[in-house]
Structure formats: C-alpha cells, structure tokens
Amino acid sequence: MKPRDVVVFAVVTMGLLLLPAFYGRANYLLHILVLSGLYAIPAIGLNLMLGYTGLVSLGHAALAGIGAYAVALLTVKAGLNFWLALPLAAIASAAVGAVIGALCLRLRSHFFMIVTLAFGLILHSVMNNWDSVTGGAAGFAGIPRPDPIGFAAFRSLPEFYRLTVVATAAVFAVQALLVRSQFGRVLDAIRQDEILTAFKGIDTTAYKLAAFAIGSGIAGLGGALEVSYLRVAAPSSFDMVESINLVLIVVVGGAGTLLGPILGALVFVGVPEYLRLASEYRLVIFGALLVAVTLFARRGIAGLFAPRRAKTA
Amino acid sequence: MRSFIAASAAATVIAALSIGGSPARAQEHVTIGIVSATTGPFAAPGKFELNGFNLAAEEINGHGGFEVGGKHYLVDLKIYDVHASAAEGASAMQRLTTVDSVPVVLGELSSAAAAAEAPIAQDNQVPLILTVPTGPELTAQKNPYVFRVNANSNQLAKSLADFVGKQGWSPLSFIAWNNDAGRGGVNGMRESLPPNIKLGYVGYFNVGDVDFSSHVTNIRSSGAKAVMLLMDEEPGSLAIAQLRAADVPVQIIGTLAMGSDRFLKRLDAARLAGMVQYNAFPPNAPLPRIKAFSDRYKAKFGEEAHGFAAQSYDGLFVAIEAMKQAKTVTDGPKIRGALAHLTYDGVIGRIKFDAEGQADPPVYVTQWCDDGRRRILYPADMAAGCGAG
Amino acid sequence: MTTLDIREVRKSFGGLQALAGCTFALDRPGIYGLIGPNGAGKTTLFDVITGRQRPDHGHVLIAGSERVLRPHVLAGLGMARTFQECRVFPELTCLENMLFATQPKGLGRTLGQAFGRSAAHRRAHEAEARHWLQLATLERYADEPASILSFGQRRLLEIAAALVTRPRLLLLDEPAAGVNPALLAVLRDVLVAQQRAQPAVVLIIEHNMEFIMDISERIIVMHQGAVLEQGSPAAIQASPRVIEAYLG
Amino acid sequence: MMLALAEQVFNGVMLGAIYVLVALGLMLVYGVLRVLNFAHGALVMLGGYLCQFVFSHVIASYPLAIAGSIVALLPVGWVLERGVFAPLRDDLQNQVIASLGLVLVIENLVLVVWGPAALQFRLATTQVLVPFGPLRFSLQQFLVIGAGLACVAALFAFLNFTKFGTAVRATAQHPGAALVVGIDVGRVHAVTFAIGTALAAMAGSLLGPLFLVFPQMGDGPLLKGLAAIILGGLGSVWGAVIGGFAIGIVEAVSTLVIPTDYRDAVAFIVIAGVLLLRPHGLFGRTTRYEA
C-alpha cells in the first residue's frame, strides 16, 4: 500500500464525513450518497469474486438478502442489539455463500452463472413466500435504525450518512488490503489461468471458495445496512434484477479495479437522478449508456483512468 | 425489466396539468407529491391511479383552485415513478419531502415501496396518503403520518368472505399473483372465511406469467366450487379465458379490475356471465356521486371509471380538505392533525380515518349479467339490477 | 525414493487402448526424451502422470507417493510442468511470472498476511529469477506484461518460471513446437544450465527429433501404448525396431 | 392422481414448446458466437408487437404478419451483431452487460411507443379448441408446437445440408480453423445472429396471440429458455429441445405436489441439481481442465 494512497483515502473519507456540515439541509444529496454507499458495499463484495477471481455470480443480491433478513429477525423478533446482529448477519451470508460456492465452483463460465442465478432465485422465493417469518411479499416492515453507541446516534439521515461513509470506507480498505496482498495476486492469477495457477502449487478451489465466502459476507453487511436504512426488508430488493444490477454496477464501474464498485454505484444512483426529467426515455438512455460503456470503456469507468495491462492470449 | 434506483418525473403529465385549468389571474400554486409507476410491470395499474389524481387536480384548478386563509391556490402534481421498488420509493419520498418540499404525498401501488416511504414521511413530518396498496401492515406501524383511503386486504377479505359464506361456495380455490396484493388477499381470506367454507387449491403465479393451464387443471380435479382470481385486469382476462376454455364448472370471483367495460372488451359477455367481483365503487351505481364521477371520467379518458382512479381521486380531495381545515398549505403536522379528524364523503363513500390512519370505505360485490351489463349484489342494502354495477 | 515410477499403466478410451501396460522408472537426474509415432500414447501418459486421467490399471508413483493427485499436490511433491499450448499469466510481468510460484501458497498464510505485514519473499528469489530471465534472453522484458512476448519467448518464460521452483521432476510437453531455431538454441542452453545448477529429472515429449536427440541423454520410445525401447540417442537411432515402428 | 399427472404432463409439454421456441434462437447464437444473449427475450417481445402491428394496421393475414415481423427484425439482428456483439467477441462479461443494456433500451422504447397496457391479438386459431382427453388446447398451442418442431427441422437441415450451414458449424467448432480455410467468420456471425433474431420474431409472433402482447412478455420465456439450453448442455439443438420440454413438464407436474409459489424455484432446483451432477449439462461433453 503506497503511503500516498493511504493519505488520499483518509482525506476523501474525512471530506465526505464533513459534507453534512457544509450542506445545511441538502438531505436529498445525503440520501443519494447513502444509497450509493449501500449499493457500493455489496458491489465491492461482488468485485472480489467477479473482478478479481473471474466468478460472475448472478445471485449476489440474494446473499445480501440473507444478511438483510438476518438483521431484521435478530433485531425485531429476537430483540438483539443492532451491533450484535450486524456481524451475525454478515456471518450468515458468508456461510450461505460458502455452501452455494462449494456447490457451484466446479462449474465454469455460463454454467456457473446460471446456477448462481438459480440459487438467487430460490433464496428470493423463500424471502417472498415464507410469510410467517419474512413478512412475505409485502416486506418486513418496522426494522429499526442502528442503536446508538455512546454519544454516536445513527437515526437521522446525516447520522446514518456518516455511518454509511465509514462502513463503505472500511469495506473499501478491506478490499484494497486483500487485493494488494499475495491473496489478491492469487485470485488474479486464477482469473487469468486457473489451471496454470493450480500447477504452480495453489489449491485454487480453496481460494475461490474463500473469495465467494468473503464476497458474500460483505454483501450481507451491505444488505443489513440497507434494510436498517430503509426500515423495511422487501424481497424485491434482493431479486434477480437486483443481482443483475450489481453485476452491471461492478462492470460499468470497472471490474477488477479498487474504485470500480464505488464509481459504478455512484453512476447507477446518480445518472437516473440526473436523467429524471427525460421521464420515460430515462431508461432508454441509461440502457444505451450501458452498451456504450461496454463498447468504449471495456475496463469500466475506472479503467479510463487506470487502464490495466493489455489483456490478450 | 424494472429499473435501478430513484424515480422518474412524468414531466409530460405535469405539463398537461399546468396547461389544465389555470385562470388568467395570478395565483399561488401548491405542489402535491405523487408516488406511482409509469414504467415497468406496474405501469398499467399506475395509469389508472394517475388518471384519478389528474382528474381531481384538473377539476380543482378548473374551479379556480381552493381557498386557504383567503388565498386561492392551484394544485400542481409532482409525479415520481418508483416501479414498486423500496429503494426507489425512499428516493422519491426523500426528494418530494426535501427538495420539492411538498406538504403531502399521495398514491403508491406496492406495499413494500409504501413501507419504505412511510418512515420518511414521519421523519420529515409530511403526511403520506395511500390510495391503492392493500398490505394490512402498512397502517399497523403506529406511524401517525400514514393514512390509507382504500380498503386493505383484510377489510376486503372480511366483506368478501361474508359474501362467499352467504353463497356457500365451498371449497374456495385461488389463482393469485405471488406479490403483496395476491398473497395478502389469500392470507386475508384464509383468516376471515366462515367455517362453512373450506379452503381449496391455492395457485400462485409471478407477475408476467401468462399460462395458467396447470392451475386450471388442478382446480378442476380439486372439485372447487369457486375460484378467486387475485390479480390485475390483464392476467385476469387470460385466467378467465383459460378457465372457460377448459370448461371448468366453477364460480369465478374477481377483483375490482374485472368489473368494467374495458374488461368486457378483453373478453365477452358469454365468458363473463355469472362472474362476480368486489369493487371499490361500481361505476354505474344509481348514486349521484358515483354517476357524476363516472361521467366526468368517461368524458376525459374515453372509458369507464376504474376503482384505483376513484380511490386516488378521493385521496387528492381528502388532502385538499385537510389543508383547508388546517388552514395551511405547508405545515405538515397541522395537515396531519386535520387528516386524523376529518370526515369526507368521496365517490367511493365516506372516508374517515381510524386511530391507525385506515379508512373503511364500503366494499361492493357486483356480478356480470348475461348481456354484458353488471348488477350489484353486495352490500344487500345497495343491491341493484343489471346495468347498475 | 524413485522420482517417477510408472508400473504397468493401462488406459483405454472406449474400445481404443491408449496405454497397454506402460512401465518405466526415472530416478537419476537428467534429461529424458519421450518419443514415439502419433497415437503411441505419449500424451495419454502425460495426462496420467499429471492427474488429468486416471489409469484403468497400474500405478503412477511420484516421489514415492500415489494418490489421486490434484495439481497443487503434485506441485507440492516437486513436480513442475509446461503445457503444449504454452501457459503463462498474460497480465503479469515476466518477473512476476517468474516469482509467482515462489510466493507463499497456503490460504491461511496469505489471508493472514493481507492484514499483517507482508513478508519480503519477493527479494529473496528476485536475484535467481532475474538470472534465469537473463539466460532466457528475456531480461529486458522483466517488467513488461507476458502478453507482449512472441510465442517462442513465452515458451521460454514458461520453462524458466517452472525452473525457479527448483522442481525434482519437470515435464515439458513439446517445448520445441513453434519455436524458431535461434530461440531453440536458447531453450537448449537454459535446460543444460538447469541440469548443472539444480539437477532434476526432466521428461520431454517432443516430435523435433534433431532437438530431442541432441539434448536428451536417454530416450524412451513408446509404441502402441507401451515402452518399445530405451537407450542413448545413438542406440535408439540405430535400433531397427524403432525405425520399423516409425515407418510402419 | 394418475389422470392428474397425465394432464399436467400435457400442460408441461405445451409450456415446454414455448420454451423450446425461445431457446432455439438463444442456442444458435450461443453455439456460434458464444454469446448468451439476454436481449433475446426483448427481441421476442418486439417480434410480438411488430406482428400485432402488421396484423391490425397493415394486412389482416397472420402468416404475412409473421413474415412482416421477421423481415422487420432481421436487419435489427444484423445491426446488433455488427455494432455491439462483434466488437465484444470473446469478452463474456461485456457481452452480457451489453445485452442487458439492450433489454433496457428495447423494453422501454416499446413502452414509450405502445404504452404499458397489454395488447390483445385475437385470431381464429386461438378460439378453436381441440379436446385432448379431459383437457382442451387451442389450435394456436398446436401451432406453437408445430412451428417449434418445424424450426428445429429447418435449423437442422440448414446446419447440415447447406454450404453456409457447414461454414456455420465449422465456425462454431473452431473459429480459427474456419478463418484458415477461408470462411468469412464475421459474415457467418452476423448472419447467424440475424437468424437467431428471426427465430425470436417467430416466437413472439406465435406467443402474442396465444396470450397477450406486453413489454415483459419476453422476460419469463427468456429465463426458461436460458435454463433450457444450459440444461441441454449449450450449443446442441436437441439439448435445447429436450431441456425446454423437461423444464415445462417439471414446472407443470410440480404443481401437484409442491406449493405453487415455489414453482420457479423447483424448476431451477432441478437445473442446479442436473448441473451439479453433470457440470456440462445433459448433453455437454465433460473434460477436466478447460478454463
């Protein structure tokens, strides 16, 4: 980790934390930033899998959903403190992710994609159909904002905004540490040539499983924070469309780059806002934009700034 | 496919409105927030909801707006598309209550989205008046800023179960959307069915599914006496067509989306004959308030009035009434206070919110006659012959 | 403990018998050439040794160990290999390619390091890696991504990267294929230097007779799924059975 | 019970025929271009709208309407391949993203042009009922099956007995080699994609009258079509056919024993199960080390 990067990271984080002070009551801006953060966190988890290990999962949102419903049940039904429920939620997602990963990892490319999609669909069905536990399709309402810690409260929008900034920054830091370590280099090697990596003496299955579990755990964290922010857990927030959205966020932002997921999330939340007045043409424009990114910015938005080494062979 | 985040302003609609009926003399404007769907799978029901709001706004402005504290105000609608998504609902609500700083927000179609909007309404002290979503939980959150004009699925179920019980249609089977409306309906009925009615086969399908053959087969072999279709107009027309084609001898029970002339156009009198459906308001009922509304609606949109439109139409008038009584077009808490106590006679009936903000409008049951007209069967005191439904 | 011990290995696909009781053992370090006409079973044998195929019958022992071996375990036993299609990490620099296998491999270890101070393995092996790159005439590409190399250069990089791990057993699958004469000479020097620096059992499948005869000290000829002849290049070239096998 | 089972199997076959129809185009495009085209469902939908438009505004002849819809979509397919998928060759991730972007563009353009309300498409063939034991199916449903099988046969004949078809198969098996023997791979890809689009138009034109024409009409069939070709092992015509029918039958029969709100889950549990046992689908070949 270059010291310069660390300084930039710290400055940006501080700046974002101070934002509410400058913007008196621009609540809406804060809300948009919170949503971006809440999409960026699971996207970072997916980036570890998709961007660095080459595992394109189409069921990632469902794993965020595990964390979301875990925190909902633990806080509302079991009356647990949010800060106890949060890690448990992340662990639950990681565990489910590990199980699904163990089942899927022997599959390649499109087969892997469709089976992750299948598991996502199955998990979503459970969230939507198990009325007595999940509240069913109408959603699990009445989820509280995080409990205060000492003087720090998280109920109001500016307060939750600060929490989101810290959480996103923390997850981003974890990503950076993982990616720039030997662990990350191995994942990257697996993406480039799994067989060669294996003959270099690396248990690729174990590494892919670890990537899947960590990515899922991070997703669960994001899902838990999201429902605590929205104060309702709705199955539709964790369905196939949302899983696909996460893939779009990562790839548009720049798969396999540290900043990709965050840039992608900002674009995803921001651009539709900006296009608001284009009314029904909004989604047409957005779709065209996606196609344009794939054609003219193969490595995503982040790739425009820091192009990775030529990809051939 | 549903979109990603945030909601889209239907600029066109707003434009249409401001042209609407704004008289020459300069006047104050008050902007009312609307959350609905103009794209995605919920765009179709969303259109009816918006028709209701637009018609109401046009009439109010046509009469020179409404008066509060000696000032005349014209109504502008700020309409955001939330595609029945919780996150997008939150975004729209957040924007309406801060950037657009509207005094009150109306509408919504999805219970999940509404559940995400409700807490923001409370945070920013802006009343949220729901006009379509039926999830009972929404008005059970002890949230003083949430009101619902339409009957929730439990209220609908109570009246309907009462009716079905009187008819003795047992066993009663279902084909229902696997979403909040469909599941809520089935669960509501399950709880309120009288002992003489047994629950039969329950077939769920996803929004967008069009093939009901396996449900139809199972309903026939289960020997169901009646089947309740908890879905919207479009899948409804398919389900009925497939039930009739398979010649399954069951009594069909539909939703308010299936008691209209436009639904008749989708099928035909022969296949609809005998079918019953609940309705928020029967467009041809021999009541002046209903007649008047139905005529105005037909005049503007060239088709028979829709229940969602009626509920939303009343919703906007309720909001205006509350502002008048609160003597403010800005102070959320005051308007909220007025809403809690007001009584308003709308086209769907008397609207008075209980302690939880839930109104209790009458629920009608109408039936298709052989000639493609409808009659009112329930409530008994409203019963009227063919052509009245 | 014998480095590579192949006993009575049989393998057939459907009706066709690819290996019909193949037996030989390699213990003394040195360069061994594995030749034979097409369909002799060379590639199947390679697949069996590298764990891609399971033998129907017989035993393959690597460093005395016989289990259904997964690639990373084989590597752990001191086996390194190259691929017919030539595999290097295209997005890593040549130096990174060289150093990759020298880095810690255990999941627990690397994960732990991610959040602790990462130890300086790199420098430990960098000198040696650069030495091999120089022999392979690739030193000026040390910090260039492997994807820019020509096929022949990539082949050299692949072999050099395999050598850095100081394998006991090195399997080369047609190393000379598609490599121009100049680079072929370099390849030869690299292998010879390797034998001097860190003697190991090197088994080479090759069709380029000139190259294989020149570099190998011992040749194993396969025919119809079994070993037909073993011996010095001279002896093999003189053997009538071998000549007949190739002509027939 | 036996009777109910038999009935559900028939329902499943009818349902499966629809999936097969959608799967064929997907399979062809995947088999040759190695592209999983998520926009195929949107093209099916567009085909349905175009057919309905021609039928109700241009000429009230169903066959001509289908032809019209196909002719209208062929160039669309060509343009999409040349403009979007050709530049993205061998870039799995970006191909998927691009096709998802196209879904947004197409579905929302249709929404703008035709509005959200579902269109009805009344045909004599949908009114005529054919009794089938206790079941009755509309003529249209048999038309779907017939057309599906016809497409399979046509595709099979095209691939095996025409010069261009040979080129297509060669390209599918080994693009490099195809290039060497002088096949214009680019052209083969464009034509193949156009044919795939034509199949989508065909599917939409047949499904529209059977049910309704609406913006999301392609989403469900796309998902099941994808599942079908994956289940069938990707890139084999028969795999797609059997995969499609298998999914349809599983879905229908499952309603006898499993709560119907888990219907989709059931279909996908089966797919997941099959792939976990046979990682390359029912008819895909298995090798251990390909990346």
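A few notes on this one:
A, B, C and D label the chains in the order they appear, each numbered from 1.
The rule is simple: a residue touches a chain if its C-beta (ideal position, glycine included) is under 8 Å from a C-beta of that chain, and two chains touch if they have at least 3 such contacts.
All of these numbers come straight from a predicted model, not from anything done at the bench.
Distance from each chain's C-alpha mean to the overall C-alpha mean is smallest for A.
Distances between chain centres, each the mean of the C-alpha atoms, put C farthest from chain D.
With centres taken as mean Cα positions, chain D sits 46 Å from chain C. Spacing of chain A relative to chain D, judged by their CA centroids, is 32 angstrom.
Remark: chain A and chain B have CA centroids separated by 36 Å (rounded to whole angstrom). Rounded to whole angstrom units, the spacing between the C-alpha centres of chain A and chain C is 42.
Not a single residue position of chain C touches two or more of the other chains. Counting partner chains per residue, chain A shows two or more touched chains at residues 128-129, 193, 195, 248, 280, 282-283, 286. Counting partners per residue, chain D has 103-104, 107-108, 111, 259, 261, 264, 289 as the residues that reach two or more other chains.
Per the touch definition, chain B reaches chain D in the complex via residues 1, 3, 38-39, 41, 43-44, 46-47, 178, 183, 202-211, 213-215, 217-218, 220-221, 234, 237-238, 245-247, 266. Touching chain B in their complex are the following residues of chain D: 3-4, 7-8, 11-12, 14-15, 18, 103-104, 107-108, 111, 116-118, 120, 129, 134-136, 138, 211-212, 214-217, 219-220, 251-252, 255-256, 259-261, 263-264. Of all residues in chain A, only 25-28, 31-32, 35, 39, 128-129, 131, 135-139, 141-142, 156-157, 226, 229-232, 234-237, 241, 245, 248, 268-269, 272-273, 275-280, 282-283, 286 touch chain B in the complex they form.
In the complex of the two chains, the chain D residues touching chain A come out as 30, 36, 84, 87-88, 91-98, 100-109, 111-112, 223, 226-227, 230, 234, 259, 261-262, 264-265, 268-269, 271-272, 275-276, 279-281, 289-291. By the touch rule above, chain A contacts chain D in their complex via residues 50, 56, 103, 106-111, 113-115, 117-119, 121-122, 125-126, 128-129, 193-195, 240, 244, 247-248, 251-252, 255, 280-284, 286-291, 293-295, 298.
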